[in-house]
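Here come two complexes built around chain A, the first alongside chain B, the second alongside chain C.
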Partner chain A sequence: MSAPLLEVDDLRTSFRTASGPAPAVRGLSFAVNAGETLAIVGESGSGKSVTALSILGLLNARAADVSGRVRLQGKDILGLGEPALRAMRGAAIGMVFQEPMASLNPVLTIGFQVGEAIRLHRKLGARAVREQSEALLRQVGIAAPARVLRLYPHQLSGGMCQRVMIAIAVACDPALLIADEPTTALDVTVQAQILALIRSLQARSQSGVLLITHDLGVVAELADRVIIMYAGRKVEEAEVETIFARPRHPYTRGLLAARPRLGVSSESVPSRLVEIPGSPPPAGADPPGCAFLKRCPVAITVCSQARPPLVRVADGHVAACHRLEPACA
Partner chain B sequence: MSGGVETVSRDIGFAPVSDAAPAPASVAARRRRPISWELVVGGGLLIVVALLALAAPLITPIDPRALALDDRLLPPGPAHPFGTDGLGRDVLSRVLYGGRVSLGVGLAAASLSALFGAALGVVAPVIRWLDTLVMRIVDGIMSIPSILLAIALVAVAGASVRNVVIAVTVVEAPRIARIIRSETLSLRGRAYIDAAVTAGSSTWKIIWRHLLPGVAAQLTVQTAFVWAAAMMIEAGLSFIGAGTPPTTPSWGNIMADGRALWQIRPNLIFIPAAFLSVSLVGVNLLGEGLRKALNPRGART
Partner chain C sequence: MTEILNVYNLKKTFPARGGGLGFGRAEVRAVDDVSFAVESGETLAIVGESGCGKSTLGRLILRLDRPASGEVWLDGARIDNMPVPQLRRLRQQMQAVFQDPMSSLDPRMRVLDIIAEPLVNFGLLKSRKAVERRVGELLDMVGLPADARHRYPHEFSGGQRQRIGIARALAPSPRLIVCDEAVSALDVSVKAQIVNSLADLQRELGLALLFISHDIGVVEHLSTRVAVMYLGVFVEIADRRSLFSDPRHPYTRALLASTPAFEPKDRGKAVPLRGEPPSPTDIPSGCRLRTRCPHAFERCATETPALRPVSPTHAVACHLDELPTLS
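Right, the complex of A and B next:
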């Protein structure tokens, strides 16, 4: 098999704060292959969004230290200077953000903003840019592209805005598409449309997708492989079917159990939402043991003394837990 | 998306939910907000005063500097509608020509303050080392009372219309810089700035395309208020003799000339003061009207 499209090796990102460094990502390694969708799942503060920003070099100016190796198509992109990063952003990596309405400039037309994404990386005449913008909007399922190009963001619905954002992200056929919670701000019906759109674009272009989300429904819909993050580290990684069918880490099992489901407890007891008790450790703290210790239902003494290493539990399935033996699975 | 869905919804009596924009008519209606009275009255007053100043040669044939020692301190009358001053100069003519200086100095200083203030206020917060430097200098300038600083600058550079404009700009540009900087800081955190960066925009492109248009409304409003402040400072400087030189009439030094004689001829002070007051009310109302009209919060909903 050829080298992966994106290779992240021991990524560490830590923010400089008045009270010392606050690590957000603590040694994360993963790879995304062309045509594959890798989902990074975790709760708020687990470091999943920071991972995406680190890959794009967006944290360089923001009081953060990023170390490790990030290679895109074999080329190290973590040490790149600002001009090289700029050439890469948008062209090799496209990004879709969480809030489509806020991600478009309210005072510029859709046409200008889509056109800008093309002009930044390609030298084209005004007419060619317009034609290509229309083609892009058609590609993301907008029925009247010529008209939409003349509109302003506030004249579009959230779903339409997200389609425009996706059009901007894929304007220059990036090899990697990073989608940071692409459907969080949208209605459920629109969510399904956007997910279908991302899937069809990916199938056409064979690009890799790095999907960042906390929504396991989105994961099931879109992902090939899943990484579960907790407190800046990977705690489990497996194929999407395996994660749902045979989760091994207690945190993953907790996440799956916490999904709201319809009609499960319809018998007599009114259904109550399941939760994982407690909250993640604060950003600065890094006790010697397992970060999940305080919330773990199966913790034993060793969990507070040594950090569990990532171990291979099956083909393409790794997890970091001292209690992986089948007895507690 | 699919035509089928739309047909169905229409059949069951719902308004068809189009994913696209609302009808153009409603958009136009939302955009066209009623023009505030401040804008009309303020703009109107200002236009009247400015037209009077510009049309001075048409209104009065008398040279504002022509001395007529026989006609000193005449009360208002048919030949001199606002009377004459202690040197027999026609007050109407002086006030009209003086308006050119007062309004012009104010507008020039406000424009220059807007230019420098906006440049510093938008660029500084994007470049971190520059931000600290610029903002400390701004703090330093703002810690000195503006009229004192302006007096000192004119005293050093010499009294001339040009130096008054420069002095007022030095005093007022920091105020604009500070306001524009805070606007820029709040814009910089917006998702669309991050989105522009991830699309590959350079820092300068982001400043030009995203930050400057974002602060344009606030800048316009502040420029109007600085215009008013600049006219006040110019009048103050000229009144105490540290501003526009006495050979050039401006409302400030017309009042200064009339200072000693106001008990005999109050019109020497009240006429230029009335013009200055009306202009200040006009500019401030204009600024207030612009603030209401351009308020981004009103426009975005």
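Right, the complex of A and C next:
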């Protein structure tokens, strides 16, 4: 078996605040293989986006401490200098973020920004860059690429901007694409288009995708494997079918159950949603036991005393819960 | 059932730049001839995508904005042109909950003062003691601990802050609450709590809710009736059951069909609507959906379809009587 495309080992990210260090990621390990989509799922404050920023070296070194090991294609990338990181971002790793409008420069044309992604990493003449830019826009489903290249971001809709962002992200055929909430800011009819686009691009390029999202619908559409994060730690990891069909951690079960499901209207009275009581622990707090303790329907004494370790519950399926066997199974 | 809110032929336009050199003034028709009623004790959901005019509609009803034409009646009184002093008294009948509780709660006020503000402003309770007792009741109603009253908004999580906002809206015992994307900023686990709380409170207090949302999944769990809005108009309005079991408008169907899969086995089945909503400065002639509609024919470009009843509780604005069944 070949080495994974991306290997993250014991990643820890902590922000420096006036009241001391505030840990956001507390020892996260995972791997992404070529051709695979790994989704990291969590609610706000779970550390999922900070994980992506840490891998990309995009956190300000004066504001955050990052430790652990991150290897891309076998090469350590954590702690690389800025020039090496710049050469890597956009070339080996493509990035798509949530707000396409905020990620594009408003005073530069789409043509300049798509072209820049190519020029920074490849020595090509102006004409070749333009031709390649047009080809990229066509690839992401933009019908009139020559015209769109002359426009500015504000002249495009949110969905079109996100297509442009994806074109920039895949401009240099990156081995890894990091997509942080790529469709969260988009309307549902446009989201379906963008999800289909990401799926088809990946099928063609066989790159690895690290998908960061809070939306289990997006996970169901795109992911091969899923990590559920809670309060900075992985609480469960499994193949996507397993996560949806046989979730083992009470938090994963709660998340799946709390989703509103379409097509329940045969009942004359609207049905209640299943709740997870309480709210996530505040940032920085780290009690000795399980972070999910106060919200957990099956917690017992030991849960407040010791943090549950990640244990293997089946092939390729791990979970961190004291109640895995047998009562909670 | 009595009608608490009536909206007749409501229109709102905003001037838009464009046309070049100041010629050819463009106009955004944000809300274009919308009429409906909300009965006391029911939840009317207004669902649509960004830019469809649903939030503008909410602001017009709350009189945070004035309509270009049309009428808004609250509990039998016309409020769209009512002088402010008179309106102020009626405002206690109608409260609002917005999307971002952090920006709608004053960070320098304690929870007690935030929730007490409407009670004091409307002169509903005279003594400090009575106000504090009422605030205690309200905190209990929305599921916050009694000691929350002495704390500040930043000390609470997003869901708890939204509960504070709901308690403030409930304080003057309104008959109608306008919720504009009230649960959209919340995490999944907390969203379910707030949706359930709103449903419980509404039932217990006999409130009417106007629930504005882009999230059709949440709407199905909370509404009595649903109106679907596209580019400033209602394209379909129906009781919850008919809308979800027998959606008639191609846009309603597209909204339902483009919702992401519930489970991985359904992946790739979402049917995207082609293209994106046209700019509201450049609304297509005839039916507004025709540029994206898979069923559009000549008549759709020349004639605007009016809302017509297909059953006593279901109306749709489409020229087609029967849509081809979705495969």
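As a working rule, the second predicted complex is superposed on the first by the 319 of 329 C-alpha atoms of A that agree within 3 Å, B and C clash if a C-alpha of one lies under 4 Å from a C-alpha of the other, contacts with A are read in each partner's own complex, and residues count from 1 in each chain.
To be clear about the criterion, a contact is a pair of C-beta atoms (placed from the backbone, for glycine too) under 8 Å apart; a residue touches a chain by one contact, two chains touch by 3 or more.
Just so you know, these numbers come straight off a predicted model, no measurement behind them.
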Contacts of A:Ala31 with chain B and chain C, given as first, second, both or neither: neither
Partner chain in contact with A:Leu58 - chain B first, chain C second, else both or neither: first
First (chain B), second (chain C), both or neither touched by A:Leu273: second
Partner chain(s) touched by A:Ala220 [first = chain B, second = chain C, both, neither]: second
Which of chain B and chain C A:Phe244 touches, first, second, both or neither: second
Chain B versus chain C as contact partner of A:Leu324, first or second or both or neither: neither
Contacts of A:Asp187 with chain B and chain C, given as first, second, both or neither: second
Which of chain B and chain C A:Leu124 touches, first, second, both or neither: neither
Touching partner for A:Arg259 - first (chain B), second (chain C), both, neither: second
Those residues of chain A which chain B touches in one complex and chain C touches in the other: 157, 159-160, 193
Interfacial residue positions of chain C with respect to chain A in the complex: 49-50, 157-160, 187-193, 195-196, 199, 214-218, 220-223, 240-241, 243-245, 254-256, 258-268, 270-273, 276-277
In the complex with chain B, residue positions of chain A that touch it: 56, 58, 61, 82, 86-91, 93-95, 97-99, 102-108, 116-117, 120-121, 141, 143-144, 147-148, 151, 154-157, 159-160, 165, 168-169, 171, 193
Complex contacts: residues of chain A adjacent to chain C: 43-44, 157-160, 187-193, 195-196, 199, 214-218, 220-223, 240-241, 244-245, 254-255, 258-266, 268, 270-277, 279-280, 282, 295
Residues of chain B that touch chain A when the two form their complex: 1, 19-22, 27, 128, 190-192, 194-203, 205, 209-210, 213-214, 300
